[in-house]
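This structure is in structure tokens; I'll ask about it shortly.
In this document, chain identifiers A, B and C correspond to the written order of the chains, with residue numbering beginning at 1 in each.
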Amino acid sequence: MERLMTLFSYASQTDIWAAVVALLTAGAEHVFSLVVFRCPCSPDLNFVYGLSFLLVPALALLLLGYILNKKTWILLTGTCRIWSCDWVTANMTALLYISNFALVAPSSWIAVALLSGNYFECAMAGTNVSSSYGSHLCEDTSDVEQCQRELFRFPCGKGSGVSEADRNQVMLILKAHSQILGWLLIASIMLFNLLLICLGRCTSPISYLQLKFWRTYTKEENSLLNSRIVEHARKLAGRNLNSFFTDTPLKPFRSPLLICGRRSA
Amino acid sequence: MERLMTLFSYASQTDIWAAVVALLTAGAEHVFSLVVFRCPCSPDLNFVYGLSFLLVPALALLLLGYILNKKTWILLTGTCRIWSCDWVTANMTALLYISNFALVAPSSWIAVALLSGNYFECAMAGTNVSSSYGSHLCEDTSDVEQCQRELFRFPCGKGSGVSEADRNQVMLILKAHSQILGWLLIASIMLFNLLLICLGRCTSPISYLQLKFWRTYTKEENSLLNSRIVEHARKLAGRNLNSFFTDTPLKPFRSPLLICGRRSA
Amino acid sequence: MERLMTLFSYASQTDIWAAVVALLTAGAEHVFSLVVFRCPCSPDLNFVYGLSFLLVPALALLLLGYILNKKTWILLTGTCRIWSCDWVTANMTALLYISNFALVAPSSWIAVALLSGNYFECAMAGTNVSSSYGSHLCEDTSDVEQCQRELFRFPCGKGSGVSEADRNQVMLILKAHSQILGWLLIASIMLFNLLLICLGRCTSPISYLQLKFWRTYTKEENSLLNSRIVEHARKLAGRNLNSFFTDTPLKPFRSPLLICGRRSA
């Protein structure tokens, strides 16, 4: 067990976070797909309903990823005054890094949803939107006209004028399309990540050892800074409250944290 | 139990990792094969669908193997400036080693998938792609023409014009082909690994004892280096924050980790 | 329980490993035979399919046995320069010992597979390959011609033109052959092992007491050597890192482990 923990400790903290987030998202998708999702089987609603289950949670998770990432706010706080093209190019790497981590949850949502296939089946069975796609789906059935007219009813297991076999066939094709899309998405995410990290590392002006040093430095600086901030805040609060309770004038208090202006952290 | 742990500790860390990764992959494949996979039984889709379940997860796992391996980044960081044929030949061994370890998960995926046979059955029952293979499959059935025409429906347990016995026969042959391929893959992976390690070790200029010494040396150097890096980083962070909070000029700080340029780790 | 532990502690570590490996292999064979194996019952495939389940896992396990055995690499590291007939005869004992241990898993696989009989039944029911064997199997049935023609279908429990009794009779004979082969294999492995150890011990120039002494010596030397290697590695790493961080020239470091050339371990 201890040995396993040692092995586990090799992975970096970011990797573990990413894995946890991806697993939680996949679980949430499964629960939603089983409990909440009911395809309306209406010609007008299918497409919007299916796509909203496929994309809106992904969008929400993306935004949540940006909101919860401390690095977003380190980067953005106070930048409205200095916003320019220079700023964007200078902080491109940080922006990319933040986006990449924020994309973990949404892309797992979409990938798992496409692999389970429910949302895609419902969305694509809406006849209004996918007329050419609908005719492609129905081309192997016995009555193409009827199949296309009833297509939007298929995800609910109904369809008066179409045989059970034809309906199952169409649903299997829809699921297959959804799952192929899901795998393609997963493969392209992996490929994109590898290339991105590869590019970043290959063009790095410093060696792996120095990179490791700067990472350790950031961590150490951060923890020291936090303890200094607490210390300064406690002192300032003590001085202010003392002055309030004893009704004496404020003593001068010098701290670089009280000087106006922006220092990038 | 303790005795077993002692026995267990003989295996190297890499071997244990490889075994854990292979087992997890096999388990994941089993779950996917049972829960997610539904052969579409459509003449156009079968081949693409089956192959995408067989190969795309393997590709994704391969890329993940490269991304998560620390050695990849030790090797690649900052190499764009010095990339050349010399570099490739000099680091061939390291590249081979990394690739070999990254291939553990994908090759287990493909091997287990071929042994369970579902994906291969689905892929090869697509008539469009495997016309000569399809005729070979159907040659022992009572109605060859009909069998070939309905071949793509077999994995779903349907097939109106073909007898149950013939269908089962064809499915058994497909499964047999898949499993024979799976065993061949496993045997060739093992053989390739043995030859690779054998070649590497046989042409080694140093003895086993020296190799063991250098491995121990690498481990010791690494742990010493880590403690030194933390120490330097803590000192530098303390100096910088002191200078920031007391508003005094920075004292000089000398460390080889701050000198630009590349030192292979 | 305690008594059992005492008995258990008499066995050498190698013996316990061998027993664990053999048991695991037998379990794996049982799982494969039940879950994965489906005889294709096709005249062309039966023989190849059955034999690939019987022999390929054994081959893979054999290669794995070589790869995971530390002694293989102690023997082979750096031998390409000195490979010759002399080398082979001089290291015959070590090679035999390694092979013998690597053969534990494959021979258990084959033995258990032959005792359960599934693979052998499937392989030998392929009529194309085993025509004379097929006629021998069918000689006691009511319709020999029909039996030989339908022989390949027997493992799947089908066979239109042959009576149930005849089919069962043939399957029992096949299973019996397989199990007799399995017992012969086990007996011959045991006999070969006994003779090999016997020969090695009988021709030994030293007494049992001296042999025991040398074994204890090897173990002690090994543990001492390990601690010395760790000590030297730690010293060398400390010297190198000191020189790197303080930017001073390297002090000389003498160790027999740094001298190039081969010393047999």
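In the analysis below, a residue touches a chain if its C-beta (ideal position, glycine included) is under 8 Å from a C-beta of that chain, and two chains touch if they have at least 3 such contacts.
This structure is a prediction, so every number in the text was calculated from the model and none was measured.
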item: Steps needed, at minimum, to go from chain A to chain C via contacts; value: 2
item: Cα-superposition angle relating the copies chain C and chain B, to nearest 5°; value: 35
item: Interface composition of copies chain A and chain B: same or different, split at half; value: different
item: Geometric centre: closest chain by C-alpha means; value: B
item: Cα-centroid distance, chain A relative to chain C, in whole angstrom; value: 48
item: Length of the line joining the C-alpha centres of chain A and chain B, rounded to whole Å; value: 25
item: Junction residues of chain B, two or more chains touched; value: 225, 232
item: Chain A residues touching chain B - in the complex, by the definition given at the top; value: 3, 7, 10-11, 15, 115-116, 140, 165, 169, 172-173, 175-177, 179-180, 183-184, 186-187, 190-191, 193-194, 197-198, 201-213, 216-217, 219-221, 224-225, 228, 232, 255-256
item: Complex contact set, residues of chain B against chain A; value: 9, 13, 16-17, 20, 36, 38-43, 45, 48-49, 52-53, 56-57, 59-60, 63-64, 66-68, 70, 73-74, 76-80, 83, 156, 158, 225, 229-230, 232-234, 236-238, 240-241, 244-245, 247, 257-258, 260-265
